[in-house]
């Protein structure tokens, strides 16, 4: 399908609009394709995943937009960055949903480190 | 009117737009139907709850959008995830409003754990 | 003008759009009428308060949207819920502006409790 | 052009739309005029400051919207209210940019108090 | 196409709209040009960097909007201001992406200071 589609529109769209739970994210196709096993790569490879779009042409994803930011940032630059107020468990849930294997282990590691610190604090 | 609409479109819409207190949430009908006793399931089952819509076709709900996110996420993946800055009491209030029984007990449990920790802290 | 409008539409609108400092809030007339002495009840009772509207028909209120959420939530469910990051003084300022007597005392109480805790902390 | 506009509408607009760094703020002319020496008063007095507007007629201001809220709130009710997560230095920077003399000293005072507390904490 | 556009409008636009990851930022060309080696200066100098625009004419940048604010503020007033909830690592990542040399060292310094404080806290 990708090859067929690329015939009629030889260059697939470089930019992709996502509607995650009602919020709009703008990113590149290249970013979404970074982890080829992820659900996001499958979303834009237009082969095995049929996805709905909203009236503005954004792919509809039934997930929370807040926890999606660290996911997308990981795909952009390869690092896990969590702000203080964001529950790591919320990001883990999304990493699993989008099936980004390396990110899943990064978040789990971060949760382990955080919990070890908390135990030390409680012992004091 | 609703019944007339359901005649012309025998398949109910897969995606549902909610206007919670002025913010737009996009989710699937499937997610909202997950807890069949909840007000959200009744909202989209189009049988016993007549609900108003805004001009964009989103169901109007007179509640706070911020505390709605953990509610919707619970329906999406079955877990309660609370960010550090979010008052659990705010989420409890919504879980009760939307009548999601299991979530109500999850939030109450979390509040109990939090308060036990705070008491320990105060004793130090 | 307002009276003329009420002639043509004998039933006042059930839903009310507010433009608080540039952000849109959607709520019901019923919620805004809950405290009959408040400025918000007067806003929608269409009798003694002439208020401007923006081009989308939302009532214009020259206040901060962030501190308005706990105000509106109080009118929705009768409780004061403050997130960790929100300055209670900001909410007090709004409770006074909107003239919601019971909420004013609830916020003052919360501030008193918070300050007692802080004093204890400082003494340690 | 501005003068021509003021001829056709002798009464200046009561409500003012500001586009601060891409976010829309809605406030009254009266609020912006509160500190007559501020850049915001000059912006709406239509005499000595020619300012650009976006396509929706909002005054364009090349500053951060997040730190603008406490500035605008100060003009609304005369108090400085800072949420826990907001860097006071960010607000100071804006108070100086908008040239609101009394607010500048209020923020500086708050920073001094905060830093004294921090020093005490470090000494423990 | 870009060169053709610059012929018809000899004076480049004073205001620039950026679509960073789906959020709109409004700033001046002057601000973006402040660090001449940065990717943002190259974006608006219309010489060596061809960039895509969205349908509203905003430059598309495939990065997180939240961490972009401190970047843009640095270009506006020359200081690094980080709110409590924002991970400095997230800002560092962006400072490196946008190639703003002095800001990179400012953020690194801040991270060093923060980590020293944390070590002291752990030793107690």
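Letters A, B, C, D and E name the chains as they come in the text, with residue numbers starting at 1 for each one.
FYI, a contact is a pair of C-beta atoms (placed from the backbone, for glycine too) under 8 Å apart; a residue touches a chain by one contact, two chains touch by 3 or more.
Fair warning: this is a prediction, and the values are worked out from it, not measured in the lab.
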| item | value |
| --- | --- |
| Interchain contact steps from chain C to chain E (minimum; 1 if touching) | 2 |
| Degree value of the rotation bringing chain A onto chain B, based on Cα positions, nearest 5 | 75 |
| Interface residue overlap between copies chain C and chain D, same or different (over half shared) | different |
| Computed distance of Cα centres, chain C from chain B, in Å | 22 |
| For chain A paired with chain C, centre-to-centre distance based on mean C-alpha positions, whole Å | 37 |
| Chain C: positions in contact with at least two other chains | 84-85 |
| Chain-level touch network, classified as line, ring, star, complete or other | ring |
| Cyclic chain order when read starting with chain A and heading to chain E | A, E, D, C, B |
| In the complex, chain D residues that touch chain C | 14-15, 17-18, 23-28, 31, 69, 72-73, 76-77, 79, 81-85 |
| Residue numbers on chain C that touch chain D, as the complex places them | 19, 21-22, 52, 54, 60, 62-64, 66-67, 84-87, 89-90, 93, 97 |
